[in-house]
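For reference, the structures are reproduced in the following blocks.
In what follows, chain A forms one complex with chain B and a second complex with chain C.
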Partner chain A sequence: MNTTVTLKKGLFGRLNLRQKTILIICLTSLLLFVIVISSLVLGGESLPTNFGFKNLAPSLEHPFGTDWMGRDMFIRTLEGLGLSIIIGAIASTFSTILAMILGLLSSAGKKTDSFVSWLVDLFLSIPHLLLIILISIGLGGGAFGVIVGVALTHWTSLTRVVRAEIKQLKTQEYVHVSGNLGKSRWWIATKHIFPHLIPQILLGTILMFPHAILHEASVTFLGFGLSPHEPAIGIILSESMKYLSAGYWWLAFFPGLALLIVVLLFDMIGDNLGRLMDPKSAHE
Partner chain B sequence: MLLKGENIRFSYKGDDWVLKDVDISLKSGEVLGLIGDSGSGKSTLCKILSGYENNYQGNVSIDGKEIGKKGYNPVQLVFQHPEKAVNPKWKMKDILNEGHDVSQDILDSFGIKQAWFNRWPNELSGGELQRFALARALSPKTRFLIADEITTMVDTVTQAQIWNTVLDVAEEQNTGVLVVSHDKNLIKHLCHDTIHLDDINNV
Partner chain C sequence: MKHEKLLKFGGHEKLLGFAGKKTFKLISLLIVVCLASFWLIEQSPIDPVRAYIGEMSVTPEKQAQLEEYWGVNSPPQEKFLNWAGNILKGDFGTSLIYRIPVTDVIKEKFTASLILMAASWLISGILGFILGIIAGMKRGTWIDKIIKTYCYTLAATPTFWLALVLLMVFSVYLGWFPIGLSVPIGVTADNVTFLDWLHRLILPAVTLSLLGVAQIAMFTREKLKEVLSSDYVLFAKARGEKGLNLVLRHGVRNVALPAITLQFLGFSELFGGAVLVEQVFSYPGIGQAAVSAGLRSDVPLLLGIVLVSALFVFFGNTMADIIYEFVDPRIKQEEAAS
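Up next, the complex of A and B:
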């Protein structure tokens, strides 16, 4: 009995649920921030190639090992993750803007609503990856192609959420009461409806991140995305495939694991933010 | 002033009338009871009178004039479930003063405490929320108050308190009140006059 009590009292013992949630959000955001900043700082200098150190197993000096050109895999992974997060951020932001515009459009009238629904169904009926590859190739590949490809394919689910949320809010009694109290449509939209949309939009954006990052990595892995000289995770993984049979497991293992952790971190931030912003659980 | 509903017909679907040729009128300062069985269309009638439901046939007017869609509606409806009638993301003081700045007298007579102002709606009970909803609706600009089962969720003592306050304020402001309830004893106790929806509804 005693041990379980002391365990619970350990690191987070004195904090309540809300403080714990905020702490988790801060720590995970800090970690992601550090990854992006360090990749930007490191990106300035090219990685030294040293064939004396090629294909070294993980050690204290090279925690993720080195690759076939003797480059440090830890630094390559860091740069790749930073690039992935930046691309994910740009793509998610554009997707969110698209989703908001289309969500608002669908609440304007019946015709625009059915048009938006049709557009959502159209985009959902084509597999994501295929569409991203098509758009990316069509725009000449590279970071620009991938960003546009991801941005143009990830707005659908958030648009549906925004559309449904507005529809549901419009039938709420307090919205009718507000109208009866003499408030204008614009006033109701900004004061009653918009505050309910903010958490949905914010969460939607953050939860879009992992999708965007994974899609970017997979398109690059398949060779349709970023060009091979860029330090992308997808490039690292596809290169490492050639060396797996030679027993150089660390080339794929650590970058893959790092990608997974980054994706999970974003998911964690999303979930915890959601818990904070939901009014029913926010004031516990 | 006279709130009048004439030949009101309403149906959700085709010829399946919920309300058929209903006539109802309510004078300023009058307290009128409305009784009817479940499903007899009480709430629908309330919504039509206060402009919440627009797909009806017939006429609703005040002194012969139609009620404008824009601006403050002189006919205010208070619902059975106050927790649905408040925005869960607003603090109580914003909810209270959405229509007008509620006077201290009304707050005192409803027993609304200053300490509740900075709380969120989910931190108050149903009875407390209903007081806010009533205070919000009882602006001096409100000529008619439609009270649709407003005290069903509270105990008898609180019920008496709330109704005493509502009727006091209504008398002071010369507001007409339509009391809608299942409870025949309550209506007999409160109202000058009572109508049965089943009698005036020709379904």
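Up next, the complex of A and C:
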């Protein structure tokens, strides 16, 4: 952790690409932060329903149009995005914790290692979406069901990364030397191995976000996730299907596009952070 | 002569070992999937008797009979053994929604889905491969940038939203394709002509293909980049080969196998995409059946579909393994050398 901080300090302001990368990360994070905050602020009050303004096409006053109850779609979308990001954050965090535990477990011994790979194979054997639906049904649906479903299906790739990283670190010379010098296993784990894992885990969590958000929206769209009262993007889109043949295209178009942009932003943050952390490309 | 025979024998043994290992894995996997999914459904607040009765009015005697049939009052392990035993006999129970045996429902729906998935699998594979080769060849140019942007955007696109947008543009505005319902109103499923059916397949297949392109194109691009910076390509260049010919002779051959392998590994994503696309276009496939089974608490059908989907994904993974172990000439050569 310390190394990355000093690297940032030492090189910031000198290298062009690095500057750009950091700027992109800051701006995208700020945008996502604003979305979450504004949705939290807006979430407190219920949206005004005004039947005089129902099903209006996008205009300056209502940039995303209005729905069948005269609610402003822009505000509904904003609330939905905030909800999506929050759910994605909770699910990704749990997934990361799971991945860390299982990754550490797999490095503990041969038996636990084969158990973990068996578990990974098992979770990859059913299509993700179907598995989330199944877990969500098992837990009785709702936000809780979706969060657990998404958290339980997204740890596999990060577990593999953590497992491979630990395996590689264990063969390093300084770890052997440390062991020969009489340092305890715990000391080696916390001082030598864990610091190397942090950036990988951080990056893995951020790259998990887009998947988690998309899966949550999909499951909610199909009707297994959040309840229809929540302002989720999945709900908005499944509602819009009823009005498709009426030609109210803005009901589906803008909320989906907004979701796409949020997912892209997360991808961008992840890619740029990865570039920053990878020593091979960090000095370009 | 003798050496060849030995090799053949070795190959045979390897094949048997491979098949044995895979079969064992499949059986253990299916057992665990059965157990886990059954347990999940058991945890849920679904009441099979009430789901079966639905809107019908029944006498208490009939209800007691139904409860006995579903084993509501028996302990879960007994229920599971009962269900698992029936499955071993090939009896998946009766679907609550369709009121016909689950195997018949799955057979019909899965065939429809298989055609959809196969079509988009092929299209996305071929298109993605070609785009990846082009991007890799013209690395750094505007064409590469366009393809890269396309892939990044498509990878972030919600499947169901793309389906909705295509439906709005081509069905609602242009009116080229029907909105929803795979069978025209007033025509029974048997009387649908091949063209009618093809007409309804196009949009879902296009949606799935567009999304599938992203991963395979990016992968091919990266692989081609690797190949083009290898020593043998440098040597080929030194010999005077260049341009498309060089890529076709040295690049495509080396990239094709890993790309096909990756495409087989994508069966799980393909199935998930099909579920969403079928729901939007009301295509009567296995995905739509799974969603309605879940929403309307059709437990036997849902469990049956989960098992079939696990088999489907397993088939894809096994195909990838076979390509890796048996088809890849580099691995063959390594074995021959050792």
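Please note the rule applied: the second predicted complex is superposed on the first by the 263 of 284 C-alpha atoms of A that agree within 3 Å, B and C clash if a C-alpha of one lies under 4 Å from a C-alpha of the other, contacts with A are read in each partner's own complex, and residues count from 1 in each chain.
FYI, contacts are C-beta pairs under 8 Å (C-beta built on N, C-alpha and C of every residue); 3 or more make two chains touch, one makes a residue touch a chain.
None of these values were measured; they are calculated from a predicted model.
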Would you check which partner chain A:Gly182 touches, where first means chain B only, second means chain C only, and both and neither mean what they say?
first
Looking at the overlay, what does A:Val263 touch: chain B (first), chain C (second), both, or neither?
second
Identify the partner contact of A:Phe224: answer first if only chain B is touched, second if only chain C is, both if each is, neither if none is.
second
Quick one: classify A:Ser125 as touching chain B (first), chain C (second), both or neither.
second
Touching A:Phe94 in the superposition: chain B (first), chain C (second), both, neither?
neither
Now for A:Phe74: first (chain B), second (chain C), both, or neither, which partner does it touch?
neither
If we overlay the two complexes on their shared chain A, which of chain B and chain C does A:Trp250 touch? Say first, second, both or neither.
neither
Mind working out whether A:Leu214 is in touch with chain B, chain C, both or neither, as first, second, both or neither?
second
For the three-chain arrangement built by superposition, which of chain B and chain C touches the greater number of chain A residues?
C
Intersection of the chain A residues that touch chain B with those that touch chain C:
none
For a test of understanding, state which residues of chain A touch chain C in their complex under the given definition.
121-122, 124-130, 133-135, 137-140, 210, 214, 217-218, 221-224, 237, 240-241, 244-245, 247, 249, 252-253, 256-257, 259-260, 263-264, 267
Which bits of chain A are touching chain B when the two form their complex?
172-174, 176-178, 180-184, 192, 195-196, 279-280, 283
Which of the residues in chain C end up touching chain A in this complex?
29, 32-33, 36-37, 39-41, 43-46, 152-153, 155-161, 164-165, 167-168, 172-173, 179, 268-269, 271-272, 275-276, 279-280, 290-291, 294-295, 302, 305-306, 309-310, 313-314
Which of the residues in chain B end up touching chain A in this complex?
50-52, 70-73, 76-77, 79, 81, 84-89, 98-99, 120, 122-123, 136
